[in-house]
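One chain, chain A, appears in both complexes that follow, with chain B as partner in the first and chain C in the second.
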Partner chain A sequence: MTPVEQIVFLLKAVPVTLAISFLSFLLGLGLGVSLAFMRIYGIAPLRYFSDSYEKFFRSVPVLAVMLLLYFGLGPLLPIFKDPFFTSVISLGIVSGANQSQIFRSAISSVGRTQMLAAISIGLTQLKALRYVIFPQALFLAVPGLGSEIALLIKDSAYSFIIGVIELMKHTDILRASQRSLILPYISSAIIYVVMTFPVANYLDKWGSRKKRELGL
Partner chain B sequence: MLFLLDYSTFLINGFIITVEVTLIGVGLGLILGILAALGDIFGGRIIKIIVNVYVEFFRGSPLIVQLFIFYFTIPMITGIRMDVMLTAILTLALNSGAYQKGYLKGAMEAVFKDQLMAALSLGLPTWKIFLYVVVPQALRIVIPAWSNELASMGKSTTALIVIGVREFLNTGISITAQTFRPLETYAFITIVYFIWIYSMLKALDMLYNKIKIPGLEPVI
Partner chain C sequence: MTSILECRELMKAYGKVIAVNNVSLGIGRGETKVIFGPSGSGKSTLLRCLGLLEKPTKGSVYFNGVDVYVSKQDLNKLRARIGFVFQEPSLFRHLTALGNIMLGLKHVSGLSDAEARRKAYEALKLVRMEDWVNYYPAQLSGGQQQRVGIARAISMDPEVVLFDEPTAALDVELKWEVISVMKDLADRGTTMLVATHELRFAKEVADEMIFMDQGQVLEVGSPDHFFTSPNTERARKFMAKILG
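What follows is the complex of A and B.
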């Protein structure tokens, strides 16, 4: 393969890497938002659950979770036999703990006073969360979510270890088939930087601008 | 899980390697981070560009790719073949330095701006300003970010299995290959990681609360 063909071969794997990162981000978003609300407004058992979930999955390596689900649970539960699915699930549940923390700090910076004000004008607590607290918290969470997406794009490289055919795997295939140790690694590193850098930077700038505009 | 007792020395050795590379990596990363932060604050245009390229490269790409580059690509270009452990520590240090540069720069700027002027106007010599004004405050400010860095480095060391370092997770893989009991082995490994990293976070949190100056908490 010529160098150009090799780079095209690497680029063909980018959609899979992005799919893993995006799907696990969505799973983490759902988990993170629910955990954050449970932690702040939930009853005692829910609060306790959310707190332990966050502490546990923030202290555990993604790769260990991935191997546990794929090799440990795979033989028992057939759904974990699929490496793509397993890697999305593992990245998602770990990201859920990170995103829970991002949303928790965003919700608490919106402040309890707004909640009290919303209740005093006659909204139920659920409606106050939906229409008053959450829209503002979302803006505050954006910079943190940007770096979380970047983190997921980078961590998706772990899924090559359980055999997902993504960017890292294509790099490895090139190493083995072309006996070339320079071009594949340097170009895939650059591809990763190009994917992560704009997302994190743009969302960080956008978030801070919105924050100023809304006066939060 | 009792079968794991047969492998206890093996597991303990792996765990020691994991702790070792984490602490050495973050320690060397601190030195690199300080140098990079000082370079970015005080350096000229060229130094600033070099620092930023370094930081963006190491923060933007996965640790696995960086390990492969240091294990395969750089020896290929330069012809110098390094020991696996040395490669691992060097890569972790460079990676950690890139992250720590960000925290340290923020902490230094928070202290520098007006206090540097105040200290200079009091007539303190530069080394005294550095020792008594900047460092004590910057270190306090940086602890929360730093404990995050230690935790994420501790978790990232699992990537070292791709170049074959016999760290904790890798011992688990070997044990699974011999015993065919992945569920118990990986569950045990995951729990040990949790205990280790969680207690490290807790300890730094306690340290932060002990030495923090009330009213001077950083606004993040």
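What follows is the complex of A and C.
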């Protein structure tokens, strides 16, 4: 293969890498937002659950979760024999803990007076969370979410180990068929940088600008 | 006359700190009452309890003669009928002036978008903010923000409006624009309970002044009474201090 063909071969795996990252980000977002609200506004058992979840999954390597689900649960629940599915779930579960922390600090920065003002006009607590607290927390969370997306794109490389045909796997295929080890790894590294840096950087700038504009 | 809003033997403690101690007072339709007293005397806490934003530790709150916490009424519905203007900036920062007011009209009163828009605009006009409808709170001065906050409170057509030192955080030049809006409201017959140290406002519009100190109501009387011959030494000293 010529170097151009090699790069094209690597690029062909990019959609799978992005799909894993994007889907696990969405799963993590749903989990993170719920956990954060449970932690701050929930009743005691929910607060305790949320806190334990966050502490646990922020301490466990995502690879351990992935291997546990794939090899541990796979034989019991056939759905976990699917490497793509298991990757998305593992990354999403762990990302949920990270995103919970991001939203928790964002919600705290929104402040107590906003909640009081919201209920003072007669909004229920749920509506206050939805129309007043969450939109502001989202603006505040954006820079953190940018870093989280970058982290997921990088960590999606672990799914290579359980057999997902994504960018790292293509990199490995090239490495196996090449005499030069350098080109596949360097090219692949550059592709990861191109996928992560602009997104994280853009969201960071956008979030900071919004924060300034709205005085959040 | 039965009071619209009333508290009896109200006590609120935060841990060991007793913020409000054994306060009973009521406010009747069309009345304007002013609460004043030193920092930390419990004005904000009392107003938050009356606004049903906090539950008293002891004592009761009556709305239109009904004990709120005994009757187990829907607090959200009652809160919509009690306006509240905060001491600190409280506008929803992600919404424009108009959006701040439309939110409650849509999601509490259930008005359509068009109706809410029209009504919100009317409320902004009352506080002379109709030229700023599309501005975000961060683009407005402190005085303008407080006026939008007042518009937000009155847009729900509350039966009583509680004001927690709405001008305390403002520069002198900005105070008057808020005070004059509040005077308009009082003149229109709005039922108001106002924590403030603006004694000129009190003198012009208050039916009654309530002096608080260390969580308790120390003295109650007309503005004339406080300006000429307060009974308690504390009230006399405090009047002298804020009159300069």
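Everything that follows uses one rule, which is that the second predicted complex is superposed on the first by the 216 of 216 C-alpha atoms of A that agree within 3 Å, B and C clash if a C-alpha of one lies under 4 Å from a C-alpha of the other, contacts with A are read in each partner's own complex, and residues count from 1 in each chain.
The rule we apply is simple: contacts are C-beta pairs under 8 Å (C-beta built on N, C-alpha and C of every residue); 3 or more make two chains touch, one makes a residue touch a chain.
If you're wondering where the values come from, they're calculated on a predicted model, not measured in any experiment.
**Student:** Quick check on the chain A-based superposition: chain B and chain C, clash or fit?
**Tutor:** Chain B and chain C fit side by side in the superposed model.
**Student:** Specify the partner with more touching residues on chain A, choosing between chain B and chain C.
**Tutor:** On the superposition, B touches more of the residues of chain A.
**Student:** Between chain B and chain C, whom does A:Phe71 touch in the aligned arrangement: first, second, both, or neither?
**Tutor:** It touches chain B, and chain C stays clear.
**Student:** For A:Phe37, using the defined touch cut-off, is the partner it touches chain B, chain C, both, or neither? Pick first, second, both or neither.
**Tutor:** In the superposition, A:Phe37 contacts neither chain B nor chain C.
**Student:** Please indicate which partner A:Phe197 is in contact with in the superposed arrangement: first for chain B, second for chain C, both, or neither.
**Tutor:** So A:Phe197 only meets chain B here.
**Student:** Would you sort A:Pro135 into first (chain B), second (chain C), both or neither based on which partner it touches?
**Tutor:** After superposition on chain A, A:Pro135 lies in contact with chain C alone.
**Student:** Taking the superposition as given, does A:Arg58 touch the first partner, chain B, the second, chain C, both, or neither?
**Tutor:** It touches chain B, and chain C stays clear.
**Student:** Name the contact category of A:Ile186: first (chain B only), second (chain C only), both, or neither.
**Tutor:** The first partner, chain B, only.
**Student:** Touching A:Thr124 in the superposition: chain B (first), chain C (second), both, neither?
**Tutor:** The second partner, chain C, only.
**Student:** On the A-aligned overlay, A:Phe80 touches which partner chain: chain B = first, chain C = second, or both, or neither?
**Tutor:** neither
**Student:** Quote the smallest CA-to-CA distance from chain B to chain C in the superposed model, rounded to whole Å.
**Tutor:** 20
**Student:** Which chain A residues come up in both lists, the one for chain B and the one for chain C?
**Tutor:** Touching chain B and chain C on chain A: no residues.
**Student:** Mind pulling up the chain C residues that touch chain A in the complex?
**Tutor:** 48, 51, 53, 76-77, 79-84, 86, 88-94, 103-104, 107-108, 136-138, 149, 152-153, 156
**Student:** If we count contacts the way the header does, which residues on chain B are in touch with chain A in the complex?
**Tutor:** Residues 56-57, 59-66, 68-69, 72-73, 76-77, 151, 154-159, 161-162, 169, 172-173, 176, 182-187, 189-190, 193-194, 197-198, 201 of chain B touch chain A in their complex.
**Student:** In the complex, go through chain A and note every residue touching chain B.
**Tutor:** Chain A reaches chain B through residues 55-56, 58-65, 67-68, 71-73, 75-76, 150, 154-158, 160-161, 168, 171, 175, 181-182, 185-186, 188-190, 192-193, 196-197.
**Student:** In the complex, go through chain A and note every residue touching chain C.
**Tutor:** So the residues of chain A touching chain C come out as 113-114, 116-124, 127, 131-132, 135-136, 139, 213-216.
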